[in-house]
Amino acid sequence: MGSKKKSFLLSFGLFLFLLLFSNAEAVEQDIPKKFFVPPPPFSPGIYPCSQCHAGMPANAKPRKLEMMHQDIVLKHMPGGWCFNCHNPDNRDKLRLANGQLISFEESYLLCGQCHGTVFRDWKTGLHGKRTGMWNGEKQYLLCVHCHWPHEPTFRQLQPMPPPARPSNIK
Amino acid sequence: MVQAVAVKKFFIVFRETLRGSNKYYAWLAFLSFLILLGLSAYIDQLNRGLISTAMRDQVSWGMYISNFTFLVGVAAAAVYLIIPAYVYKFKPIKEVALFGELLAITAITMCILFIMVDMGQPFRVWHILPVMGAMNFPSSLLAWDVLVLNGYLTLNIIIVFYVLYRISHGKDYLPSIWPLIILSIPMAVSIHTVTAFLYNGLPARPFWNASIVAPRFIASAFCSGPALMLIIFQIIRKIWKLDIENRAIFKIAELVAYAMAINLFLLGAEVFKEFYSGTIHVYPIKYLYFGLHGHANLVPWIWAATVLNIIAFILLLLPKTRENFLTLNMGCAFLIIGVYIEKGMGLVIPGFVPDTLGEIYEYIPTMQEMVVTVGIWAAGALMYTLLLKATIPIYTGKVKF
Amino acid sequence: MSKIRSNPSGVKLDRRTFLKGAALGLAGTALPLDKTDASFWEAFFQKHFREMNDDEKKKVIQRLEKEYEQKYKKAIHIGSEKPMPGVLFGYGLDLSRCIGCRRCVYACVKENNQSIDPQVHWITVLRFKKGEKWIDLEESEKYYNPQNVPEPGYFYMPVQCQQCENPPCVRACPTQATWKEPDGIIVIDYNWCIGCRYCMAACPYGARRFNWGEPKRPAEEINPNTHYLGNRPRYKGVVEKCTFCVQRTRNGRYPACVEICPVGARKFGNLLDPQSEIRYAIEHKRVFRLKEDLNTNPKFYYFFAYGR
């Protein structure tokens, strides 16, 4: 019984290790450069998260938020919860599925875990907006600049006015 | 010394244009009034820009270019008189071919005026000239048009001057000028063909991008030009008591009827192809004949033109109505109006409606555009009047050197 | 008067009287009489841009800068950057992303000094209904004005100059006032265009705009960074159109419409560079060009990056 449990733990550990290792390698190969992005679009005064969360116990139970963050109703990943992405122990970091902690500036790695094809296009410059030089330094935007991570569908905008009709150009 | 004689002769001829009855002076005054009106409207347009017209990006050519197109047809029609006159030596027409050439000169001048008033930067007109400017030859059909129109104008001026010179000196003119006269036949066909190609060569505009456009241009030109001539002949005959044979008039009318038959046939061929195949290219002709998405400004006009053309065809085809001056003139008038609509706005506007992105802007010329147009027609009428006034005394032998 | 000239008959005529007489004589011809100075005639006889050498270009640009400064009371720089070697500009537009918000239209106006009144826009955004007909231009709507975009059941397609490799407008122009530059951009010399609008009839994409009236724009809204062949202020009676922001792109920058697009639907780059975004789009996505059957060979590629 005991040895069975032991071997299971060992193999699971090995599996996790390999997963972590291979993933880290893949990430390193995939992203040879660091993307030049503006700071993440935090709500004013909300970051660092640790200013409130430090010392607060993490509650992994999905529930309606009542004390804080009431504006967040998760419409992303049915059945998901904060700690799919946010790191429970240090809230100033995000956490990948493999347990690796990343900063908010690298949140594209987090999104890229599921949205692989989009992530690939984003890296080449096809998905999302680029500014700067077409033949040089480009500024990228983070996924979250356009997609609010808790409800990522692109929000409707008010269009600019239609052109003047030819009969009204006088 | 030679120059002095030439100047003196010029003044002798020029004096003829100043002589006339009160009716003549009233006519000149009337035309001058219209010209001044047109000129003032044009100066206003020059100051404000073409925004004073109803043309916009969607319909970027309008009444001016429509008139230009119609008049190229009128100018080309001079050959319709030349062919039987000089080539087949049909004497009754030969005697009046001169007036056809004068009409060609007038029509080309009006064409140039219509192009000038349509230009956004008329003072830069020298840019379009060869050597001096940067003419895009042979690539641009508009460059071709500049060349052939001016060539045809020059050719006709030379022919008319030479013929009048010889007549005034009591000499025969035909032996030395006939190569130029023969040359003017392909030239006349070419001005109309090139003008047709101007539209034809634009794949962006399916309504124009049909190979049948050039033949239709020529067929309709051979209707409207001679029809106009027939009416003018009768006026000349009445005012100057000139001896123009009925035979000449009836012969021309008969030829007009044949041209109209071809014109109607080509129209039918076009209508069949567009409507039967029903590609996206059908929209402009649909707009023209039936209206599109509730926009139908041109519909009554084009049906009027079609009906007038058919009636005119019948009137000129049947010998009985052709040789009756009332029905003959009715036929000619119908035909001129019909072709003016069909080869004017009826050709130019549907090229732009719907526009290349599918928008429908219904163009209705502004008062300003119409006044300028009337002014140019008045200028043409004045020019033709003065030309006749100067040349008929030579033609009749009243003025001799 | 300092300059007295005598004519053969001995009648003395000073220069100003002479000019006045001449001016009165010309009054009917509506020549701009207040500009009897040399600059008017310099402008009148200005050569075609491509026939000028660098010295002549410099002189012309100096004169134009002076004219603009007088008109707008601010310094306006007119650049004349040449095409970069080994560059052929291409544009991509992701139809699966465009939401029809028209931000590009107005960013373009702001950057390129179009006339505000009468209104000139270089970009047209068309709205199509999803369903049976898809891209049928006859069914397109240009004047849509809902509260919010994108509207369910619709998709949007912006159209601007497609910078054809085989441009019908260049073929049509009777004066060579418009031509294709080596980097693929179709440009216009606004001082050479005669305003005949044959190019507008020839363009299958409705990309060319005419200055029907005097272009009017408040001086404070004038973008002073211009290019001779691009966004310098234009004149009444000449044609203009999109140049892929030649004043920006020849200095390595993205066009204004690319940078404003809130959904990143607009892509721009060098078609000859295999690493460029535009090449990636063409090689990996479903691409089409507008009215391909006309053989105009646009360098403007519409693509669909995703279904959804």
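Labels A, B and C are assigned to the chains in the order they are written; within every chain, residues are numbered from 1.
As a working rule, contacts are C-beta pairs under 8 Å (C-beta built on N, C-alpha and C of every residue); 3 or more make two chains touch, one makes a residue touch a chain.
Because the structure is predicted, anything quoted here is derived from the model rather than measured.
Going by C-alpha centroids, which chain is farthest from chain B? Tell me that one.
With centres defined by C-alpha atoms, farthest from chain B sits A.
Taking each chain's centre as the average of its Cα atoms, which chain lies closest to the overall Cα centroid?
Here the chain at the core of the arrangement is C.
In whole angstrom, how far does the Cα centroid of chain A sit from the Cα centroid of chain B?
72
Report, in whole Å, the distance between the mean C-alpha point of chain B and the mean C-alpha point of chain C.
36
Between chain A and chain C, tell me the centre distance in angstrom, where each centre is the average of that chain's C-alpha atoms.
41
Which residues belonging to chain C are in contact with no fewer than two other chains?
118, 124, 142, 212
Mind pulling the chain A residues that touch 2 or more other chains?
In chain A, residues 165, 169-170 touch at least two other chains, as defined above.
Considering chain B alone, which of its residues make contact with at least two other chains?
51, 56-58
Note which residues of chain B are touching chain C in the complex, please.
Of all residues in chain B, those touching chain C are 43, 46-51, 53, 55-58, 60-61, 115, 118-125, 127-128, 133-136, 139-143, 146, 198, 201-205, 280, 283, 351-352, 354-359.
Looking at the complex, which residues from chain C come into contact with chain A?
87, 94, 99-103, 105-106, 118-119, 121, 124, 142-150, 212, 249, 252-254, 258-259, 261-264, 267-270, 273, 276-277, 280-281, 284-285, 305-306
Over in the complex, which chain B residues touch chain A? Could you list them?
51, 56-59, 361
What residues on chain A touch chain C, complex-wise?
Going through chain A, the ones touching chain C are 117-118, 121, 124-136, 141, 146, 154, 156-165, 169-170.
Under the definition above, what is the set of chain C residues touching chain B in their complex?
28, 30-31, 44, 48, 51, 118, 124, 126, 136-140, 142, 159, 168, 171-177, 192-198, 200-206, 208-214, 235-239, 294
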